[in-house]
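Structures given as structure tokens follow.
You will see chain A twice below: alongside chain B first, and alongside chain C after that.
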Partner chain A sequence: MKLKAFTPLIFSAGLFCAGSAGAQTNPITADTIIQRVTRVMNPAQSKGKMKMTITTTSKKTRTFVYLAYAKNHGEKTLMKYLEPSRVKGQAILMLNNADDIWVYFPRTRRVRKLATHAKKQKMEGSDFSYEDMGAGDAFIDEFESRLLGEEKKQGKLCYELELTRKPKSTSGYSKLVMWVDKESFVPLVIDYYHDDDSTLLEKELVCGNIEIIDDIPTPMQVVMYNKLDRTQTSMELVEVSYKVDLEDDLFTERGMKK
Partner chain B sequence: MRKFLCTCLLFLLLSVPLDAQELDIFGYFEPQFNLIYLDDNYYQLQSNKLRVDLKSNLGENLEFGANFDWIVYHGKREWNYWNFIPERVTSRYSSARMWRYRFTFDDRSFLDNAYLRFSFPSFDLMVGKQQISLGTGYAWNPTDIFNVKDLSDPTYEQPGHNAIRVDWPLRAGFSLLALYSPESDWESSGKLLRLKGRWQHFDFSITGTETEWGVTDYEYPFVNLFTSHKRRLLGGDFAGELLGLGVWGETAYNFVGDFEDFWELLIGGDYTFDSELYLMLEFYHHSLAKSDYRDYGLNDWLRFFYQEQKSLTRDQVYCLIQYPLTDLLKIGGSTLLSLSDGSIALVPTVLYSFHENIEFTLIGNINIGKEGKAYGSSQGHSLLLRSLVYF
Partner chain C sequence: MRDKLLSAWGRFTAIKSGWVVAAMLVLAVLAAISASRLKVTMRWSDLLPLEDPMVQEFDRIIKEYTNASNSIIVVQGPEHRIKEFAEAIVPKVESLTEYVERVDYRIDEDFLRQHGFMLAKAKDLKKTVGVFSDLNLIPLLTHINDNFEETYIADEEALSTKEKEDDAVRYLDGLQFWLQVMDRYVSNLHGGNSALADSAVDRFLIGDPYFISQDKKVLLIMVEPTFSIMEIDIAVASTDSIQAVLDRTLPEFPEVQAGLTGNIPLQRDEMVYSTKDLRTTSVVALALVLLFFILSFRMWTAPLLAGVNLILAIIIAAGVGAIFLDSLNIMTSMFAVILIGLGIDYSIHIISVYNERRVLGEDPPAAMQQTLLRSGAGIITGGITTSAAFFTLMIASSRGIKEMGLILGLGIVSAMITTLAALPAFLVLRERLVGRIRHWPPRPVSVEFKVLERFGEQQSRKPVLFLIIGILLTSFFVYQALHAKFDYNYLNMEPKGLVSVELQETMIEAFDLSPDFAMMTTSSIEESREIAEKAKKVASISLVESISEYVPSGSQQEKRSVHLQKIRHYLETNTTDRDLSENNLSGLIEQLERLDMNIYELGQLAFTGGQDKVDEKCKQIVGDPENPDDGSSILQLADRLRDNPESAASGLNLFQKQYTSPLREKAYEMANPQAIHLGMLPETIKKRFMNRDGNRFLITMYPKEMVWDFEFLRIFTRQLERIDPRISGTPPLMLRLIDYIGRDGLRATLLTILVVLLFLWLDFRSLKMALMAMIPLIAGGFWMVGLMKTFGMMFTLVNLMGVPMIVGIGIDDGVHLLHRYRVEGLTKTPIVLKSTGKAIMLTSITTMVGFGSLMLAKYRGFGSLGSLLVLGVFACFMTTVLLLPSIVGIMTRKGNS
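And then the complex of A and B:
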């Protein structure tokens, strides 16, 4: 089972794609766009520090800081919490494009394997579920894509795409609508529609503050708005590096505990 | 052995340049208020626990970790297990023996964990007092002979054990764990070997353990007669997914020298609904426990209370339900059902996140089984309010 949603863990846009759309002589297809989005979302390797701020319905905030590592274009990811103290040392390991997920609890030194259904759970009460945090080629495997047209978002001309869930997909979203920057192939806005009602907007993800890091354009802030619960979670990229050489041993149970 | 470990630890700490040591200090403060209803009386027991954790990377491949706990109790600190045992059982004995089953919540301060972890390219070596967590079960772990979980709060941290542990990552996702928990001699020390692997989306492991198992004869005249038996365990566990459900299982056969052999089995499954309602079910069998509640004797009750035996009743089910009522408030509860005697305990829970590092937990414990059964009225009822302040 592939994951279905967006990957804000370490989100980047490869320069190799920049400007390539303009060089197309034939009209670009929805499948080509989504393949490029998938490629730019998953750099070969990355290491970063993220700050996640949850704004609850009562307008209280909860802030988490974690280290995130990714390898093999997001096929392997590891998150280690640094703050707050309550979750310090807790780690989440996702392998095989998040088909396999393990959570490590330092207080009991236990590693628990999560089944697919657990990915629906909110991660630390945020508006991102475990599956939202997964990486891989979910947009290709789980959805049929259709180019709706072009529209400006954040002052940039974007492709507007509609992604409809494939019949055998286990995605928790019935439909996605995505606005992809024509220059960088960064999806600037993604609308997530409810599992049971393809007209009901459930969440909206907005990427902003794009900076060039290690020659790769990177959104330094990503905000997920939960339209039903009226809550939001923002992710700020505190540090990131793509020029890293991460060992496979990091993405193991042993690596989680270190 | 302990002195040797402490000396090694001190030596290593002092031998590393100070600028290489960044000592991380964290932990929590945990005040608890417990209201207990027993024999038509209400009792109060409070505790205040302070846990301070230390962690330092002494070098690139060397980690030091430790925690110290201080716990002080207030209120009704002196109890007697005799009062929790059904009258049908206690009436067979003279009440003069009651003193043998007293226990007191004494203030404690102790070093719970203190260990060094050396990370070599091909293996990890961990030396010192450390937590040992084995098995995939939530409420019970048949393959874990080091710990017994509190069924009203199975995820609470377990105490540290003095041990030397080596973890070898092998090829193709396999790993080997070897553990030695020293006691007074080699014969009485705990030894463990565990091979862990992965097949498709399943994790599995095979475990072999040898240790001494202490069993007490509480029915013996005048004193509690303690005997020790060689216990060899062969078991295994798995965790994965089947038909969309999370599934796991654990089993262990125990060869007990001059005592009765026994085996344990645990099968569990869970599911999260779209509404985020979480449901978990576990079945547990303990062949040494009795299947008819009329056979529960004084030894059965007390060995269960003193955690010498994991279960009083042979077959039981643990059911857990959790639902996030709001983004900060989680409600739910667990149910313990003895299939052998039909008794039930309800454990409602409420968890509120007051602040990033402050949590409030309310845990009830209502035994609604008939007198004399595993979760019968003789166990009383309780309500626990816990706050946790992390720093």
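And then the complex of A and C:
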């Protein structure tokens, strides 16, 4: 339950203009790229409807549709399930970058606090974990980045970056390799390497179908492949809006029950 | 010199045929005596190099720990019947003391009853202490709810690993049983005695004692043998004996199905099927080859003699092979069939030429002299080249390829010798014998194939066209070959429908557990603990068994002891029984409703978290939220309390009375704070984990999926290596084997090609001719793989070993054709194809027939090799008759111009 509700899907251009990399006069550095990626991945506010398909422990697939709200660059997130009917109305509230998580069950009308602290943990049966998408400043704070070169991914020219875990980092990955679209600064592919084996590819994230929503390049489809569990989770953005003004009241127990 | 010797030998065998036959028979008897000690083993690890550390570790574990070999009885059916079946069959299996060391079908209850709580984590104990503070029903349920919420609702991590998910299911299962028993007391269906309450206590404290699946439909009985899997004969006898017990017992349980799996039954099935297969395919190969021979040559007795000659060759090869080898492995066990396909070629040459000479009117000694003069050299060259090619395989590091090279090399030499010694003598003796019986000698027949002659004429006229066709076809097959795939699933090499294989899949479905485990040994319990803890975190591992589970560390025991003392204190002090009445039933109902909510919420979390087992178990208790007709059994119980409070209170008071005493006693015993040390473990547990000297400890790690899916095998093995590179077992060994065979196969194939080229260079005394002879082989190799891909076949671990073999086999066609060109002249393609083309066609067909018989094998690994070799021989024949005459034709034209 560590992932900010739809952090992976909401990339805000916010402080940069599309195509600005091409206008650079000085060679761009790995640090600059990562800073821009981080800005893209942490929108101020957002509201969206998503479809998430997970692989269950008995290798079946299960699809959920939910509404997701995020505020303060993902510091506060609320997910409300719409489908399937069994979980309709069930809500998950994550505060303090998902350090505090509550779940609301409409049938029992109870709100339960889930005490949890592990960044590496799976979110809602998915193959995503909180840090997978570099929520907050994780890419900057936890890793040293190095520009490896340029390579085409999905037909787009990308920066290829290697992010190596800093000595005192608490990240659950020893290394990331990331291909960042030169134009939009959306990471099109991220390879996540195992906690204690930097040669063992653990997961791979692929972002696709990028659309400009409210002037922000947004990947409408994200798939996380877990190479060790041999499972995958796909997230599809059904609708999204970044020009929203979300009340703080939404991110409360009352907001969960509404 | 060679011609003189051959000529003299031909004459000698014809004149002294009786002596030659007698000498060969004596040799065969001696060889048979030697061969009789050869065993057959179907273990994949026997294909690996002995000096490989992983193989050594595997063999050591197999020898030192009999439980590293196992038989598993998989029982399926309704819960109560499969449990009854288990109780009925276990004593019968245990009575097979010759084969059975121990039978496990229930958890180690005695040890758990004495020390169960010491084996639980301090964190869990801390939460559980409160449950024992008051055993009366309402406080008990209240504390269960408290504990439940703290463990499973408030801590999402509780379900985050498979082990924890299984723990949750076990906990829920105990709770479900408790509630069911409670319901029976409420409904006055308890039968009056305390056994029911007692069983509820057991289930609550220990769980279901049987090795049973979550849906209660599959039960496992583990049979530990008195022998190791290396003792194959005993493995077969043991499996048959247990199967006989199953067969005798099953009719009494018509709703129950039961079968055997595990590495011993699988080994037995492989042995039995492969032995049957080899017997059948050898006979079929011999019969078909002889039938074809008879039809082609329109003769009866001569081909039969060729068959006898082959049998002699096989016996001699096996006898000589037994000097170097103790046993035949998966690969070498097929040598007889392969030799039938290959060795018959030499006989065809001898019989063909001998007939021709006899038709010309020569007497037997003269005809045999001429026969050996004309075909002996070819046989010797072919035999030496092919055997050299096979012997070259001995450079391989894997025993599979190395021993195959040895036995086939010996086989070819042996077939060459018997064909040059025994067959001529047989043929002459046959004529004498038939002459005596019929008073006239048999009439020799010469067979011709006009088709090949006409094909040769066309090729002579339009060599460029035929070469273009050849190149186009070769290009297509090269393209196809580059897309050929490898089937890494060794179970696809087993016979179809094998019970022992199908039950492996049943086990995976029911228990998320594959019986193909990995294992390693450690020198201390602490080391075992370290390895086991690492292994438990690995996603691809379903279950880890280690002695450290039974002997927690000193610090762990110290922490746990504090909680155990608290539990004992509660059990000693809070002994007041408080009866339920109509008035305080509401408190109980409230707790039941709370429990319903807790289990419902857990189910919802499990549903969104994709933890199907927990979700399923929750649904069994509180109903399926998606099915309004499926109500909660807890709420139904609460309703019954409301509907008939007086009777319910009376029933529950009896329940409370009957369970408190055993619960107190059993929990008190389980909360024994005394530290556990190795010496306290019962022998049954020690034997499972310790070697005979008591200084090594076994850890077994079960994969959660079928390891023969290559992608999973790679991940599983990679993760094992990360835990500890010493880990062995069938899955890592299989990956190691794939590596070896890939490496050896390539190296051996290249070296074999070089050796063949060298021999041809020496034989032709011309590098150009030697290289020309290689063309059909190289092109044929691509054709073979391309044809495989075209027919939807894949490389397998078994047929991959056939690739270097085809080098030795496929080279013959080109050599014979070029030899004949040298005799007839480069412009005589029609004659060359009519005569030598006929011979290579016949030999190719007989070889294909021989190898083709392997395709009848139930053991699909043999079939895959048979298919590859048939395609290989066909491909080499086609490329020889299509490419070589065309190239020769173009060269001739160039030369003329």
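Just so we're on the same page, the second predicted complex is superposed on the first by the 211 of 258 C-alpha atoms of A that agree within 3 Å, B and C clash if a C-alpha of one lies under 4 Å from a C-alpha of the other, contacts with A are read in each partner's own complex, and residues count from 1 in each chain.
Note that a residue touches a chain if its C-beta (ideal position, glycine included) is under 8 Å from a C-beta of that chain, and two chains touch if they have at least 3 such contacts.
Note that the structure is predicted; figures quoted are calculated from it, not measured.
Enquirer: After lining up the shared chain so the two structures overlap, which partner does A:T63 touch, if you call chain B first and chain C second: first, second, both or neither?
Expert: A:T63 contacts chain B only, not chain C.
Enquirer: Touch check for A:I54: first (chain B), second (chain C), both, or neither?
Expert: Once the two structures are laid over each other on A, A:I54 reaches both partners.
Enquirer: Could you tell me if A:L114 is touching chain B, chain C, both of them or neither one (first, second, both, neither)?
Expert: After superposing on A, A:L114 lies in contact with both chain B and chain C.
Enquirer: Considering only the touch criterion stated at the top, classify A:K88 as touching first (chain B), second (chain C), both, or neither.
Expert: Touch status of A:K88: first partner only.
Enquirer: Is A:D100 in contact with chain B, with chain C, with both, or with neither (first, second, both, neither)?
Expert: After superposition on chain A, A:D100 lies in contact with chain B alone.
Enquirer: Does chain B (first) or chain C (second) touch A:K227, or do both, or does neither?
Expert: second
Enquirer: Output check: A:F251 vs chain B and chain C. Expected answer is one of first, second, both, neither. What do you get?
Expert: After superposition on chain A, A:F251 lies in contact with neither partner.
Enquirer: Who does A:L200 touch here: chain B (first), chain C (second), both, or neither?
Expert: Only chain C is touched by A:L200; chain B is not.
Enquirer: Name the residues of chain A shared by its contacts with chain B and its contacts with chain C.
Expert: 54, 56-58, 60, 62, 84-86, 105, 107-108, 110, 112-116, 118, 121-122, 125, 196, 229
Enquirer: Under the definition above, what is the set of chain A residues touching chain B in their complex?
Expert: On the chain A side, the touching residues are 54, 56-58, 60, 62-63, 84-86, 88, 99-100, 105, 107-110, 112-118, 120-122, 125, 172, 195-196, 229, 231, 249, 252-254, 258.
Enquirer: Quick check: in the complex, which residue numbers of chain B touch chain A?
Expert: Going through chain B, the ones touching chain A are 26, 28, 63, 119, 124, 130-133, 136, 155-158, 167, 169, 175, 201, 203, 239-241, 244-248, 270-274, 276, 278, 324, 326-328, 353, 356-357, 359, 388, 390-391.
Enquirer: Enumerate the contact residues on chain C facing chain A in the complex.
Expert: Residue list for chain C touching chain A: 149, 153-157, 160, 162, 165, 512, 539-540, 597, 600-601, 604-605, 607-613, 625-626, 711-712, 715, 718-719, 722.
Enquirer: What part of chain A is in contact with chain C in the complex they form?
Expert: Its residues touching chain C are 1, 54-58, 60, 62, 64, 81, 84-87, 90, 101, 103, 105, 107-108, 110, 112-116, 118, 121-122, 124-126, 196-197, 200, 227-230.
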